[in-house]
């Protein structure tokens, strides 16, 4: 096994490059063209780098003032210029976890259905409907959340949870509707299309011949999935889930509209909460002091950094899985 | 192994294991094989030859009902295995495939399973509990002449073997479920001559116990290995006879043209 | 070379006929059907919110669709009537600015990756473009605020357009690159063999062939940015007036919906529903068109 495992797209790219190099033009027009293209390519590379630099710069004041305590303190007082981001970190993490718990089984079930089990005529329309779900703007989700989801939670689900499970600290408190649970549910709906579409791609990359081997031995459709398809796709599916998590972390509007926007840390998911993206959305435009602005910038930096790392990890997992499966099919 | 079936010179044809009557297969509207009627003899090797696209693989896949797994593919007609038509609505294709195993063109051991697990895969998939799995693994691997090569690395991944070894592993996997019929779809086309020779040797030994149907584009292989040969052309069964006859004294001129290399 | 052991010549054990189920078969078949049913249930569960949202938006918003909605300005609380005309126009202007900046950048970067890019630099750019696609759009808003709004000392449509452009660049780049790679290379070679210089080949031959697919990708990118709210909150901000100035704040449909939806006034909320309906219809139509274009053009996966 070579240590430098190239992705198939890169391998094909290498072949094309060698071909292109042989025909590379040397006229002035060509050189200008290549220069222009390179410039735009580098621009795309530069934007996230610039973002990192800029956010770090804007956060410097807050980092110097609050240090590492910024991440653990719960106070958020613009008047006294004292800031700690822990409630937002907590709110972001917990709402995303709730979203994952709800979304992952449904997404994987749907992806399996679309890739292997559904009758072929159903696949395209169903896939399109899932795309539509992804296309709904965040603010519309939030709007629907306020008027449909929250009342439903307040009137049906939360009283039920309090009645049956209220002895647990996770379900304490009055049924407000707004809060961590509402945010988790709405995030779950929003990340299902992401997880589903990438999982589906990974499942479809499993070479048909593995399925045939299982079918040839007399496997039922579920057995084929369980023994031949899913094990081969496993790490790619994990990547898909991480990308869903990434989407949940960065989601702003829908969450802001239903989470209650109270900077508190509570074990109960029925309580209002606040996320990193929401506090930026709500308070950035009105931040009047440099420290305030810097604290919010630091929150943005944290969000950006975490999203970057998760994205890197997830894309690496998905790419490695797909290339491994594609190599086997070749 | 000579061209003429010298082991069994002039015996009466053996009992038919699979009787195919008026089999037609379609891919959507495309009529891939037309009105095929033949009897596959039991405990023999039947080769199916013909130029690319003549429908031989399609025919093979109709025998274990894998043809219908392609979207839009349908089949009509009857394929009778031991007195029961496999296309009877009461027959579950899943059940059929325990008795009719298949070896594919490109070896496809399950990538996340070890060699041992691959051999036992058929039983694992079907949920059968085995009294002595280790004995079964050794028996089947010996049967395909793989035991000595892999006995020390049974827990390694199936993908760590060479192409020829992987294909033998796949055959062992099929043998482990004790089918009656083994279908082979160009099993050697991705292998080098030495690996091919070993598989052909294996096929020759397997026919004592199993009925084999071998699709191949390699005429010499068909001549070496099979007892009976069916020649397909553009979806039709042109001729079906003992291998010796097909290759030395065919009745149809098209057959003669093909086996003498005039086309295909 | 090891030889195979000859099997015993005893006949294989008798099998049940095909008409009888094998042991454990009923359980396996049941389990397979059960899990398939679970997957169908997942599909249904996913579709419920989709239809709920769509039906609710139509039910609440359809009655507000009127000429006044598209031509009127937001009125102060308590005064009847008014509309979101400026927000609709504002969204269109912001999309135009975003496309003016984002499309050339994305497409040219995509051409770079597909036609010119070499080795590690190209891999890095490709990877980073993907990663940029996963960055929370609110952080893009913060970035553009510091870069543009602070420099210009005011909120502006330009800032909003730039933020949206950054959101759309990864999608456009990726689509362009993928579609250019799908153009068969012999077209390129044929053009070069005719003596056409490389840069003209790329633009006139390869790009033109890939154009329909790229157009589809652009439609989808536009659909995405049309609904983006977060990056506009402190770049384009909002406005109650008609505006076509790129250096002034500008209204946009998502931000206006947000403002009205979270307000306590019923008639504002009603208008927000109509706004949401307009936005959803716009986005759905773009997606539908893109889907139809892909399936007809045969460039779909």
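First chain written, first letter: the chains are A, B and C, and each begins at residue 1.
Heads up, the rule we're going with is that contacts are C-beta pairs under 8 Å (C-beta built on N, C-alpha and C of every residue); 3 or more make two chains touch, one makes a residue touch a chain.
Treat the numbers as computed from the prediction; the structure is a model and nothing was measured.
Taken chain by chain, the contacts link every pair, so each chain touches all the others.
When every pair of chains is scored by its C-beta contact pairs, the maximum goes to A-C. Taking each chain's centre as the mean of its C-alpha atoms, chain A lies 48 Å from chain B. Centres computed as Cα averages put chain A at a distance of 15 Å from chain C. Multi-chain contact residues, meaning those touching two or more other chains, occur in chain B at positions 94-96, 98, 126. For chain C, the set of residues that touch two or more other chains comprises 28-29.
Residues of chain A in contact with at least two other chains: 220, 223.
Considering their complex, residues 81-84, 86, 88, 90-92, 94-96, 98-99, 126-128, 142-145, 147-149, 178, 180, 198, 201-202, 205, 208-210 of chain B touch chain C.
Taken together, the chain B residues at the contact with chain A in this complex read 64, 66, 69, 71-72, 94-98, 101-102, 104, 106, 108-113, 121-122, 124-126, 159, 170, 173-174, 177. Interface residues of chain C, counted against chain B in their complex, comprise 1-7, 9, 11-13, 15, 17-19, 21-25, 27-29. Against chain A, in their complex, chain C makes its touches with residues 28-29, 31-32, 35-36, 38-43, 45-47, 49-50, 52-53, 56-57, 60, 104-106, 108-109, 111-113, 115-119, 121-132, 134-143, 145-147, 166, 169-170, 173, 181, 185, 189, 192, 197-200, 202, 223-224, 226-230, 233-234, 237, 254, 257-258, 261-262, 272-273, 276, 279-280, 283-284, 287, 291, 295.
Residue ranges on chain A touching chain B, taken from their complex, read 120, 207, 209-210, 212-220, 223, 227-228, 231-232, 234, 328.
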